[in-house]
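For reference, the structure discussed in these notes is given below.
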Amino acid sequence: MKAKGAFLPDIVAFCCAQSAYQSADAAGSMRITYPENIRVIRVPCAGRVDVLHILRAFEKGADGVLVLGCHEEACRHLSGNIRAKNRVQRVNTLLQEVGIDGKRVEMFTLAPNQGPRFARIANEVNERIKELGPSPVKSGA
Amino acid sequence: MIVAERKPLEDIREMIAGYKKILIVGCGTCVTICWAGGEKEVAVLSSQLRLASKKDRNELEILEATIERQCEKELVEALKDKVQQVEAVLSMGCGAGVQPIAEIFPDTPVYPALNTTFVGMPEGEGVWVETCRACGDCFLDKTGGICPIVRCAKGLLNGPCGGTNNGKCEVDPEKDCAWTLIYQRLERQGRLDVMRKYYPPRNFQAVIRPGKVEALPA
Amino acid sequence: MDKDLRLGVFLCDCGGTLSKVTDFSAIKAKLQKLSDVTYVGISHDLCLKRAQQAMQKDIKDKGINRVVVAACSPELHEKDFMNVVQSAGVNRHLLSMANIREQCFWAHPDKDKAAQKAMAQIGMAINRARFLEPVEQTQISVTKEVLIIGGGITGIQAAIELSNLNLKTTLVEKEAALGGKLNRFANLYPVQVSPEEVLATKLKQVAEGQNIYVLTSAELLDVSGEVGNFSARIKRGNGEFVRNFGAIIFATGYTTQFSSQIYGLELSNNIITQSQLEEMLKSSSEVKQIPKSVCFVTDISDEHSRVSPLSALRNALGIKEKFRGEVCVLCQNLKVDGAGLEKLYRDCRNKGVLFIKFDNSPRISKQDGKIKIEVEDVLMSGEQVTLPCDLLVLEETSVPPLDSKVLGSTLYMGLDAQGFYQENNVHLYPTASNREGIFFAGNCHADLDLMQALTDASNVALSAYQLLAQGKIAVEAEKVMVDPNKCRFCLTCIRACPHHAIQEAKVNHEKMVAQIADLACQGCGICAVVCPAKAIKPKDWSDEQILAEFELLGEYV
Amino acid sequence: MAKAFKETLNSGKFVVTSEIGPPKGTNLEKLIHHIDLLKDKVDALNVTDNQSSVMRFPSLGTCLLIKERGGEPILQMTCRDRNRMALEADLLFAYTRGIKNVLCLTGDFITIGDHKEARAVFDLDSLQLLHMVRILESGQDLGGNELDGAVEFCAGATVTPEANPIEPQLIKFEKKVQAGAEFFQTQAIYDFDNFKKFMKYVRGLDKNIKILAGIVLLASAGMAKYMNENTPGVFVPQVLIDEMATAEKGKRVQKGIGIAGRLIRQIKEEAICDGVHIMAIGREEVVPDILAAGGL
C-alpha cells in the first residue's frame, strides 16, 4: 500500500519499444534515477497507443499519462509517432470536455539511447502532475 | 454514405442528466465508416461519460452495444434485453437510426449523440465532404458529374456567381468554386454546349417531404 | 482468457546482484499467494543455458501454461525466453516479462521503493499474462528470384553477389546497355582502375553468372502481391510481361541537374558542367582547343553533397593528367569522407591543383569571351584574388531519376524531401524500405561514392538472400488479425498501414473485408487503433493486455 | 419627373446611375437627403437589397420613396431572401407603383452578413429571376397561371469582367443576354486592360448590349489593397493603391473622388462602354463631387 501523506501521482508512460522503452532501460543502466511512481507500459510503436487506452488509464485512477515515441522522421512505421501526437491532442480535448485538465496527457519523442532525457521528462512531468494535484476523477480526491 | 459527427459532450451530458443507467448504441454502417458512431466511438464516449460522472460523483452505469444497422427495426429488436435494463438510450446512429430505436422501445427515452451532417464521401484520412443533397431530381448529367446544388454554396444551376475567386468560392476560400470545376470538366469533354443551356428553376417538390420511395415489385 | 490458467513466475536476481538489494524470497512468498500462480521460482542467471533448461523443465513438470519472467529488460533476452517456452511445449507467445532490473533496481536507489515497484511490475506482467494469446508459426513458400531495377554499378554488383549466392536475379535497365554512370565517367579516382575496365570486368561476371537474366531497354511498370511473391509488370520495347519475384531491389541511382539560377550564369562553350567536362575528358583526344587554365566551383548549392566535391577532385586530377593546364578549385570546405579521398586531395595538390577557400560566393563575369573570377581567399585573410580562366566548370546537384516519384507512389514507397527513396529506418534498417521485401541500394536512397555504393550492394544482396534462401519464410500466422465479422471494410486500415500490408479480401467469396498479409505486416498496431469498428487485434499487444497492465494503478501488490 | 430609364438607355447618351444604400432601421432622414441630393443629377438611383446579407430597410420601400420624390429608381432584387412567390408578388406591387426597372442578382451568401444562421433561400438564380420577369411580362406567373394584369420592366443584370477564370462567367453573361437583360452593371473597374478586352467581346456579341462600368469610390489605400486582395473579381492596380497612399489624412476621400472622376472621364472620352454606375458605399453625399470630377 502506498504511504499516506505527500501526493505521489500515478503516471502511466506508454513507451515505444523502438526508442523510449530502451531509453528507460538506458537510464537504469546509467543509474540515473527518476520517480518510481511512473508505470512504463511497453508498446510496439507509439502509434499503437489508442485514445481509449489513455482514457481507460484515467478511469483506473491515473493522474497523468505520457506517450513516448521516436523522434519525428525516425519512426520505423513512418507515421506512428505523428499519429500518436495527434491522438494525444485529441485526448487533451476529450479530457477538457470532461473537465479534466488536458495537460495531464503529454507526448514526447526520444532516441533509444537517451536515458538522461527519459529521466528528465519523467521528473518534469512528475512535478507538473504534482502541481496539478490528484486527478479529479480519483475517489477521495 | 451518411456522414455524422458527435455532439459536444456537454450537450450529451445535459440529455442524460439524472439517469443512473444508460445504454449507448453504435451503428455498424455509415457512422462507423465515418468514425462517428462505431464500436470504437461508443467506447470513447462511454469512457468520457464515466470519467465525467466519477469526477462529479454521480452514479452512472453504461452498457454498450453496436448493431449492424440502427435503421432496420428487426435489427434494433436485438437490443431488447439491454434496453430493458436501462433508463435511457443514447444512440450513436444517424437521425435515421435514432428513430427506429425510439419506435421499437416507445417506453424508453432515446437521445441522439450525433449530429447527422450530410451525404458524402471521404476526401482524405478522417475527412469527409458533402457530395449529395438527396434532392430527388439529379442534375449531374448537366454538370459533368459535379453537383452544383451541394458544392456551390448558393446551389446555382446556370453558372457561377460573381464571387469566383481564382477558382475558389468567396464564401469559403478553402473550397473550390463548383462552377469552375464544372466548366473545366465539360470543356475537357467537349461538352460546353451543355453549360450554355438555360435551366429553369428547380422542382423542389421532386420529393414530397417526408419522402417515400416505393420500388417496383421485387 | 483461458479458464484453466496455470501461471509460472520465474524470477532472476541477476547473478545474485539484485538479491543484495531486496529479499527475493519475500517477493516469492507474496507472489505465491496470488490466484492462478502455480509456481514461483528464483534463479540467479536465467540468461544462461543451464538455468533455461531448468526453467523449461519446470514449465513442463508443473504444467505451466502462461510464463512470466521477471528479470532484465525484455529488449535483451525476450527472444531467448520465447524459445525456452516453445521448447517446453507452450506457445512461444504465452510469455510476459517484468523488467525488474533496468527499470527497477538499477534506476531507483531507494531499496524499498525499488522493491515496491518491482512487485508492481511483476503484478502488471501477471495481469497481462492472463490475456496472452498463442500465435501459430507457419511457413510461406517464396519465389527464389530477385528483381533488380537499375543496371548501374550498384545493380550489377548486387546481381553478381546474388548470383554467386545461387539466387536467380533479373536485372532491369532502362537504357540500351548496362553500366549507368560507368559509361559516362572519365575516371573513378581514387580507384585507379578506369571505368571501362571496371565495367568490362563486371559485365564479364554478369555474362558468366549462371543466374543473371539481363533486360535492357526495359522498365518496371507496377508491382502487386507481397514479399516472397511479388508479381511485377515489366515493359520491354512494345511488349509487356508479368513475372514473379520474392524480393525487389531498387538501384535506380541518381541524375544530375544544373541550375543556372544559383550562379546567374548560362552555360556556354567555356562555362560547362561537371557532366560536360566528364564527356570532354572521356574523349580527350578529340578536343581541339585544349584549355590552358581551368577553374572548378563547388560547395555552393549543397555543402554536404558527396557528388559535387568528389567530381571536382576527380576531374581536377583528370585535367592535370590529360591537358596539363593550370587547375584551380574554388570551394568552401570540400568535405570528403570516403576511403582514399584524402589521398585523392593530396594527389591533386601534388600535381599542382590550386585550392582556394571562400566564404562569400565568387563573382564570375565574362569579358570578351574570357572568364574572370573574383573571390576573397579566406586563407589569405580575405584578400581579393582575380582569376582569369579558359574554362569554368560548375557543380551540379544530384537529383532522383524522374520515375522515382511515380514508382514510389505506385509501390507505396516512402520518398524523402528531395524525392529520393527513404529507408525504413536509416540507422536500424539502412537498406530496407517501408515495405517488406523491397530494398534500396546505392544512390537512389543515399549520397554515396563508388566504394560505398558497392558495399551497399553487398549488404542488400545479403538481405535479399537471407529473406529468400530457404525458399520458405517462417511467419507468425495472424499475429495481427482482422475479425471478418466486425470488419466494415471502411478502408481506414488499408489507407493507414505504413507498410502497405493490408489488402481487401473476400470472405466466403462474398463479403469484402480487410486482410493483413502476415509477411508484410511489421506489427506496429496502427491499424488496430484506427479501426472504427474495433475489428483488428494485434495478438501480442491486444487492448485487453494493455488495459490489464494498469489494472493495478495506484496500488502495489 | 425623371425620364424613364429605358428611354435614357436607348437615347445613346452616356448613362449615369448611382447606388443608394437603405438604412438599418426606420430613421429615413439621411436616406431622403441622399435621394433629394442625387435624383436630378443621375439617370437613375439603384437601391441595394439587404446588401452584403445585412438586413436593412427594403429596396422596394426605398424605390417607392424615390418614385414619390420624383426620381427614377432601379429595384435591386436578390434571390437570397425570398422564394419565387415572394419575388413575383414584389414585382407585381413594384409595377403598380411605377417602379419599372429591376436589377436581377443572385445575392451574396448569407454567412457574410449579420444573420449568419438564417436560411439562404436561392430558390432561383439571377438568370432564372430574369426569365421570371419576362414570363410575368407575358401575363403568366412561374406556376403557369394567368395574371389579371401583367407587368413591364426594364430588366438588367450584372457581370464581372475581371473574374478568374473568366470563361464560365462569360457563358453565364451570354445566357443573361439571351434571357433579355437590357443593361449590365459591372463589378468595380479600376483598370482598363481586361475591361477593354471584355467590351470588345461584348460588342462582337451584340452591339445593343448596354454596359455600365462599376465605379467604386476608394476611401483609403488600405481599402484599395483590401479590395484587390479579397474582393473576388476586383483588380486595383498597384499604382492606384500607391496613389491613394500619397494622400494625407483627411484628404483621402478627396483623392478617391479624383481617381473615380478620372476613370469616368476616360470611359466617356474613349467611349469604352455605355455609362457608369457609381457606388460610393455609405458616402452617397460625395457622389455629386464624383460626377463633377468626371465632368458629368
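Should a chain be cited, it is by its letter among A, B, C and D, assigned in written order, with residues numbered from 1 in that chain.
Convention: a residue touches a chain if its C-beta (ideal position, glycine included) is under 8 Å from a C-beta of that chain, and two chains touch if they have at least 3 such contacts.
Keep in mind that this is a model prediction, so the values were computed, not measured.
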Original post:
Between subunit A and subunit C, which partner chains are common?
Top reply: B
Original post:
Which chains are joined by the largest number of contacting C-beta pairs?
Top reply: A-C
Original post:
Of all the other chains, whose mean CA position lies farthest from subunit D?
Top reply: C
Original post:
Between subunit B and subunit D, what is the separation of their C-alpha centroids in Å?
Top reply: 40
**OP:** Could you grab the centroid distance between subunit A and subunit D? Build each centroid from C-alpha atoms only and quote it in angstrom.
**Re:** 63
**OP:** Calculate how many whole Å lie between the centre of subunit B and the centre of subunit C, each centre taken as the average of the chain's C-alpha atoms.
**Re:** 44
Original post:
CA centre of subunit A versus CA centre of subunit B: separation in Å?
Top reply: 36
Subject >> Set of subunit D residues in contact with two or more other chains >> reply: none
Original post:
Touching two or more other chains, which residues of subunit B qualify?
Top reply: 40, 43
**OP:** Return the residues of subunit A touching two or more other chains; collapse runs of consecutive numbers into ranges.
**Re:** 51-52, 56
Subject >> Chain-to-chain touches, reported pairwise for every pair that qualifies >> reply: A-B, A-C, B-C, B-D
**OP:** Spell out the residues on subunit B that touch subunit A in their complex, using ranges where they run on.
**Re:** 8-10, 40, 43-44, 47-48, 50-52, 54-56
**OP:** Going by the contact rule at the top, pick out the subunit D residues touching subunit B in the complex.
**Re:** 79-80, 84, 106-109, 111-112, 120, 122-128, 131-132, 142, 158-160, 163-165, 167-169, 171-172, 174-175, 178-179, 187, 232-233
Original post:
Which positions of subunit B touch subunit C when the two form their complex?
Top reply: 28-29, 32-33, 35, 38-41, 43, 66, 122, 125
**OP:** Could you pull out which subunit C residues touch subunit B in their complex?
**Re:** 486, 488, 490-492, 495-496, 531-534
Subject >> Complex contacts: residues of subunit A adjacent to subunit B >> reply: 51-52, 55-56, 58-59, 94-95, 97-100, 136-137, 139
